[in-house]
Amino acid sequence: MIKRAVALVLLLMLGGIFATLMLGYTPDSELNLTARYYAERTAADLGAANIVTAIVVTYRGLDTLGEVTVLFLSASIVGLVLASNRRPALRVRTPVGELLTTGARFLVPLILLLGVYVFVNGHLTPGGGFQGGAIIASGVLLLLLADPLRHFSHHVIATVESLAGLFYVAIGLAGLFLAGGFLDNRLWPIGTLGELFSAGAIPLIYSLIGLKVGAEFSSMLASLSETEEL
Amino acid sequence: MDFDWMKIPYAFLTVFIVVNYGFLMTALIQKIGARVGRRYGIPIWQNYLDMIKNYGLRSSITHGAMFYLGPVFRLSGGVGLLLFVPSIYGSYMFSNLSFAGDLILALYFVFFGTLGMALGAAESGHPHAAIGITRGLSQVSMAELPFGLAVFSVALQYQTLSVTDIVAAQQGGMLTWTLFTNPLAVSAAMLSFLGSMMRPPFDVVIAPQEIPIGPPTEYHSSYLALMQTNRVIFPVAKIVIYMNLFFGGATSWPEFFLKVFLIYMWSAFVGVVFPRFRVEQSIRWFLVWAVPLGVLSIMVV
Amino acid sequence: MKPELMKRMVKGPDGVEFEVEPLRDYFCEVPPTVMPAAYIKIVEDLFNWARAESIWILGFGTGCGAIEMRPLMTPRFDAYRYGVQWRPTPRQANLFIISGYLSTKTLKRAIRAYEQMQNPKYVIGLGSCTINGGMYWDSYNTIKRLDDYLPVDLYIAGCMPRPEALLAGFMDLKKIIRAGKGEGANQYAENFAWYKENQKRVIHDWDMPDYNW
Amino acid sequence: MNALTIFAIGLGTAFLLGLLGERQKSLGYMLTLAALTFMSAVSASWLVVFAATGADSFDIFTAGTAPPFAINLRMGLIEAALTLLINLTGLFAAMHMGDALLRLGQRAMAVLIIAIMALCGIVLTRDIFNLFVFFELIVIATAGLVLLSDDDSALAAGFKYLIVSQFISALLLVGIIFAYHATGTLNIDGMAEAAAAIDPSVSGAFAIAFFLMFIAVVAELKPFPANGWALDMYEAAHPGFSAVFSAASGTAALYAVDKLLQIGGTDWLPVATGIGIVTFVGANLLALPQTNDRRLLGYSSIAQTGLILTVLGQQDIFGDDYFFIAGGLLFAHALAKAGLYWLSALVAGRTLPDWAALQSRPLLVFAFISCVAMLSGLPPFPSFYAKWELAHLLVAEGRSGLLALILFGALVEAGYLFRWFGYLIKRATPAESIACPAHQLLPIAAAVLGGWALGFVWGELSSSYFGRTNLLLTLPLFFALTFLLLDWLPAWVKNTLAIGGMVAFFSLTYAEYDPLRLIFAVIFLIGGAVTLLASYHAHGRRIGFYPAAMLMYAGMIMLIRASDSFGFFAAWELLTVGSYFLILRGKHSEPHALSYIVFSLGGAFLILAGFALAASAVPPAPTFEIAQLADLVQPVAPWVFLLLALGFMTKTAAIGVHIWLPGAHAEAETDVSPMVSGILLKAGLYGLFVLLMNMGKQSLYGVELTYVMLWIGAITALLGNLMAIFQEDAKRLLAYSSIGQMGYALFGLALMNHLGWLMALMFVINHYIYKSMLFLSVGGVAKRTGTREMFKMGGLITLMPLSFIATLIGIIAVSGVPPLSGFGGRWIFYNAILTADARLPMVLIFLSGPIAFLYLFRLIHTIFLGQLKDEHRRLKEAPFWIILPQMIYVALLMVVAVVPGMVLRHVDAYISQFFPDGALNWEGSTITSQFGYWNPVAIMIIVGVIFMLLFGWLLFVNRRAQKVKQFNFVFSAERPFRPETTHFAWNFFAPYRKAMGFLVQPFVTRFWAAVTDLLHTAADITRRLYNGNGQTYAFHFLLFVVAVFTFRMGM
Amino acid sequence: MAYIAMATGFLLVLIGFYGALTQRNLLRMIVAFTIADSGVNIVIVAIGYMRGRTAPILDATVSAAEAVQRIIDPVPQALVLTAIVIGVGITALMLAYAYRLYERKHTLDIAKLTDLQG
């Protein structure tokens, strides 16, 4: 009880801080310096229609590399945490139901396709590598739900993941040598705004991210599912 | 070094006079003490006899080198103390060897004999000797303090450490004696004097039966004779310092004899009147009564 | 033999064990020797005179006669005027007064005290008991004849002799000393074996060296 | 090489590791090492570039776009150095954790590499959100690496860490986004510019946003008390990783705070300071009661981080020195912590005494103490220089209170670190020896060597800065340190080298000293060499003795040679440390050595503060000529005087701060006691000499400080002597006697007149001679008898006659009885006080004089006289090499006794510069003062003649004396029982205790015990906050946030 | 609008925090953290919102030239993406930890995982 009271008091004070913060907040009416730069220059410089994507993949590419690394790390560590106690599979097959199995069979290809679409078009439309990767992983999740005993080859997942990561780093380095700097997308002509093959390396990077994120999420899901005692 | 070799025979002469005077005076004091107790008392020459007898004992033992040297240290201390202080003011003959050092030398040389004696007694291996020494040292360390303070007070008063100069400053009749110019210091010193004379009430150090006379319990024969000699020289030597510092010194031997006798009598007088103190009691007594007087004398001088 | 006098093995700080034999290691085993008088007669006479006039008595009362010695220090008798005084330690004493009967137990202490006095030294037997046992002639634990154990210079008979008798005894002792006849210590050294034999005959728990330096 | 390759290689290798199969672990491990090596090489190459060319830092753009529109990195000297530190830590950690990494496979390796890369990222990036991403990477990587530990509790620790990290990241994100809103940029430099431009009237929102960012990043530093989670990590994680967590993560986070402070501006510096100092003091206090080594190291790490945070918070006043200070502290901390954590892997047990296992490996002990010295800021390590600068700049700005807190914390830290070292050296070694695989030793070696190398670098930096030679290249110190390399030689060779070196150095330099310094130089070098003669008795190699001893001597001679405050202080620290090692060598000296080092460091800190205060008034800082102390005026001067005097008096063991001395001197080895007593104490006196010589009398609030010193000296003399009386332990008795003697010397100095100083100098000489002699003599006896308890000895005079003679001469000299040299001291002393006005303290001095007899007699009686014990019957005289110096001292004492003028008249003339009045007249053989006279030659002859005459007479009349044995004495007509019951020795001065015992109640000891108890209890109560519950830690964190917010807004 | 979103976001943060502080079950704590994360993300997005503007994607309706007037601030959008991903990563990690802890200690009670303290 005391604990709750103390928590409440503390959070009230924290809330007070937040409230002050909020009261001091005035919405901008104009874009600030940075945003204005992005709004004005993205299209011309990078050729990406989706400004957010341009920011994510190029301007703040280092963040994104870090982000991908976060996922890689999480996946690795989840693997580490869960790997050391993997038991021999003594699972009894329990039927999961016709509906789910069939539905999965039907839906998974579509989901995968959607995922690929989302990350390939990341520079044009809302969405991108992370979103696409998550969609792909959801396909994997569906498969796992439909068949809990399905075994995903960790090696394959890891290979996809690592290769995608390596390529990503390689492209980044290529930017260093061929273009303006690390992770610069202008390795080749940026093409026409709005086309699929435009915005230089952005689609490629985002695809790699998509693959990588998909693989990482899948890896985590697989690892987690393997711990399940059925 | 321009040393006047005549000083050596003169020094021997001083020692000779003081030894004889000491023997007689000690006996006299003992006799006075006896008379207080309604006894007849010893013959006046008794101390000579005792000393000769002790030299005349045929056998002796030794416990080791320090034991052997103890009485030598003791008597050297007494003789040295006597010789480092001028006996008769204004007399070249009896200024003794005071050229070697001033008052500080005399004060510190007191301990020469004490230390040697303590070491000698201790080497006898007798626990009672050691007990006596601890008592003696404990008591003396506190009893000497008021004296030290008084001496210092006097040194401050006359701005010198030279005994001769101090006596010289008192040569204007009785009222220029330190006794009257600095009574506090003198009182402190005279209380201290009681403690260093090994007489009641401060003689538990040589408790005769409990620790059979303490430090000298193992000494006998010629060792004892040497110590007896010291026993008559040392008080006189000490009193000479008192006399020089506080009572105007002496310009002639008669004056010397009289003053030494009277000062000695002070201790004898107290001794026959008062009962004994335990060691820690006497330490406290000096701390409470004598030391403050000394401190006061230093503060006001 | 008392255990503390037995041989024992002791381990030094360096770990080496060795034997300690107390009687040999703690005590001087040299027997007493006859000490010659001064070579020049006049010096010896001077010394004898001084010895006679300066008698220092060991303050050790061995029996009931001890009570008779105390009055000598009082104004009434005042032995000091004769050069007599008491010393608390045998090292400084010349005269040992065996004051009355001497139990064998005390004899041991008396012997030790006597031997620790310096030559020349004198013994007075005070009271009849020291002469022949007196009223304790048949006692199981007192000695009868002091002379068998210590060289006695003078006996003062009586049971007990009064202090006046003691004073008179001192006067006689002075004469003996002045005549150069107070050689008890040398006599003791000469007949050391005989004295020891006598002493050991009555003292059964002999637990000290033969001669106590 | 572009700095970005650090990321590329890091990430590339991490991803590549995923491609390797389960069986290719070794290959993966090789790759990991290669990658980390490469990353280190990149940093190193940049470091070389910047250091060599002095080039400015430059920005690295990403995405081909200029900041603030794209993320940029910055590489400069600082960044290069920090990333090198991080990468190397990573590399060596990887090496160290090889087993664990191979067991867990490539995933773990990848995590490690990414963690290191992310740490570099924090250092390099100039984008606030990018910083966040790297922080999150580190959080996750840390949570993963915790799993390397074999310890099950690591799991819980990792989870607690994640809980708090969630709170932190939430606040950080909110802060970042609002800061972005307020400034329109995410670039740190841009944000800083924009923040400065924000209208103060509307800056409230930004301030709160900044607060959130700031507090979140600061939380990564594990500030006290919001750090329970971090401690669990430190305790539970693999030590190899803890090293990274402490050294590298802390470094990166600190640099992040530094970046943030650029945004926040000077307004936020006090907050950083506040958090830093609270953390430093608090964590150090909490470290006190720790028993688990790694947890203790954790607390220490947190404390050090707090200290550096404090420095960050004070950067406004540091100017160019900022990186010198912060870097010095940071690198010392990082290397030391890494080294210690790696060492902890070698130790099987987890409690502090278990480290005694290292005893058998001197090199590891050396590594340990190097680390401890780095942490404690001892020379010649970078932290020492940093501490010096820090103190000076803080005081110069009037921030003395902060300095006081820092020094207090540092003292506590030194306390527990040195306590630990004491355990390591002194506790029983576990039976099983420790395994030291090379791959675990290499990182430790790297850390330690790195520390020394940085010590050299900082020395170079400071040498250009202070205009003096590099401390490490100073000849005496260099000479002392070479003994580290020579420690494999047999002891006698080293001893010869040491003696030769000291004598040679003296003969080369003696012409440079003025008479005062010459006296000290003779005592330190020649005296030291004589004392070292006693060391020939030792067999074997005596590992560790010579470096320590030579360090002490080097410190002492450097002290004399130092003309500026820095050199003086450095020398002071060196001699303190050297003597500490020496003292610690004693068999039971562990607690005493500890109290010695704590008091000494406390004193040293006071000196540091004093110098800093003085420097603030005597431009130009950072160091000044000692002689410039004379230029100080009110109101600074008395405070400087007070601080310095207190510092020096700690060394001379004035009453109140004396409690370290008896144990330290008594428990030291036989030949060490004379060194630390006879010689080392003089360093304190030298300090006081220098102080008084330059500053003279000072008064504070109307109280004249020299007068206070006079009282202290008098009380010290009295109580030191009194306490000596009641000791049963011979060496303790001597030690207390030293306290008393130093009291005399202090008194003499404080008299501030000609003769007072002369007397103090006489004491310097005499005390060296007789105390060395007595300690050697008693030490030799103790060596033979196997005990120091005096009542267990007795009657040794016939068995050890030479020792007896030395003791006899010694005690006669100490007591001041003519004709030996002690009397000269007393004579000058009495003449000196005749001219002084202070009369009351004199009374105490008077009282203490005769008291000396008591304990001196006790010393010689209970050891050499009285009854010989059975087990000592076969003792031999002390070894030749212990006797030899004693005999030299006996001869010296005689010489000084007869011709004191040989030395003193030169000093007398020298002192006349300061006190023209009262000089002695040295005509002929009589020494004359204004008041009295004294003829040592005549005294010696007269006393000798009288003595010999009487001795001859006694020999004649007593020629037939029979030599008897120990039990042949009168014992009330009884036979003594046994020697043990017959030797009167124990509680020797019982009547004195009855009368005066009330004066020697251990009030001071109780006081200091109460202080330490209080600290421990406070720490123990505070500890209970850390109840191990992750949620509680979250509470702590939020409370911390709210508290800092309230504090900041209230400011 | 932005205020409402922001307030909601902050409220979610506080609710999440409250849950994390008071719930003793590890899984509930993890859920609480995801709530708090969502709150933070909402706050981030709300910051970037500008009344009357559209998403920062250039297409037929929003030309590059008029983008400055038409689109909202794209930066928070980019940031929130990163924040979300990181949140997911950490959540996954915590779940794995929770699983492992349960397996080792057989409890999900945070108050019982206190074997290190002081």
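A, B, C, D and E label the chains in the order they appear, each numbered from 1.
Just so it is clear, a residue touches a chain if its C-beta (ideal position, glycine included) is under 8 Å from a C-beta of that chain, and two chains touch if they have at least 3 such contacts.
In this text the structure is predicted, and so the values were computed from the model without any measurement.
Enquirer: Under the touch criterion given at the top, what is the topological distance in steps from chain A to chain B?
Expert: Minimal hop count between chain A and chain B: 2.
Enquirer: Looking at the contacts, which chains touch chain D and chain E alike?
Expert: Per touch definition, common to chain D and chain E: A.
Enquirer: Please identify each chain that touches chain B as well as chain E.
Expert: Common neighbours, chain B/chain E: D.
Enquirer: Central chain, going by Cα centroids?
Expert: Answer by centroid distance: D.
Enquirer: Any idea which two chains share the most contacting C-beta pairs?
Expert: Highest contact count belongs to chains B-D.
Enquirer: Which chain's C-alpha centroid is most distant from that of chain B?
Expert: A
Enquirer: If you average the CA atoms of chain B and of chain C, how many Å lie between those two points?
Expert: Here the centre of chain C sits 35 Å away from the centre of chain B.
Enquirer: From the C-alpha centre of chain C to that of chain E, how far is it in Å?
Expert: 111
Enquirer: Averaged over CA atoms, how far is the centre of chain A from the centre of chain D? Could you give it in whole Å?
Expert: 54
Enquirer: Distance-wise, how many Å sit between the C-alpha centres of chain A and chain E, to the nearest whole number?
Expert: That pair's centroid distance is 15 Å.
Enquirer: Where does chain C touch two or more other chains at once, residue-wise?
Expert: If we look for residues of chain C contacting two or more partner chains, we find 35, 89, 91, 213.
Enquirer: Counting only residues that touch at least two other chains, what does the list for chain E look like?
Expert: Those would be 13, 17, 21-22, 47, 75, 82, 86, 89-90, 93, 97, 100.
Enquirer: Of all the residues in chain A, which ones touch at least 2 other chains?
Expert: 3, 7, 10-11, 14, 18, 25, 28, 32, 34-35, 38, 59-60, 63, 66-67, 70, 73-74, 77, 81
Enquirer: Pull out all the chain pairs that touch, please.
Expert: Chain pairs that touch: A-D, A-E, B-C, B-D, C-D, D-E.
Enquirer: Quick check on the complex: what are the chain D residues that touch chain E?
Expert: Touching chain E from chain D are residues 129, 133, 136, 139-140, 143-144, 152-153, 155-160, 162-163, 165-167, 169-170, 173-174, 176-178, 180-181, 186, 228, 231-232, 235-236, 289-290, 295, 1023-1024, 1026-1031, 1034-1035, 1038.
Enquirer: Which of the residues in chain C come into contact with chain D in the complex?
Expert: Going by the criterion above, the answer is residues 4, 8, 10-14, 16, 18, 20, 22, 25-28, 30, 35, 60, 89-91, 109-110, 112-113, 116, 207-208, 212-213.
Enquirer: Given the complex with chain D, which residues does chain A contribute to the contact?
Expert: Where chain A meets chain D, its residues are 3, 6-7, 10-11, 13-14, 17-18, 20-21, 24-25, 28, 32-35, 37-38, 41, 45, 58-63, 65-67, 69-70, 72-74, 76-77, 79-81, 83-84, 155, 158-159, 161-163, 165-166, 169-170, 172-173, 175-176, 179-186.
Enquirer: In the complex, go through chain D and note every residue touching chain B.
Expert: Touching chain B: residues 795, 797-798, 808, 811-812, 815-818, 823, 826-827, 830-831, 833-834, 839-840, 842-843, 846-847, 849-851, 853-854, 857-858, 860-861, 865-867, 924-926, 929, 931-935, 937-939, 942-943, 946-947, 950-951, 954, 957-958, 960-964, 966-972, 982-985, 988-992, 994-996 of chain D.
Enquirer: Report the residues of chain D in contact with chain C in the complex, numbered from low to high.
Expert: It is residues 784-787, 870-875, 960, 962-968, 970, 973-979 of chain D that touch chain C.
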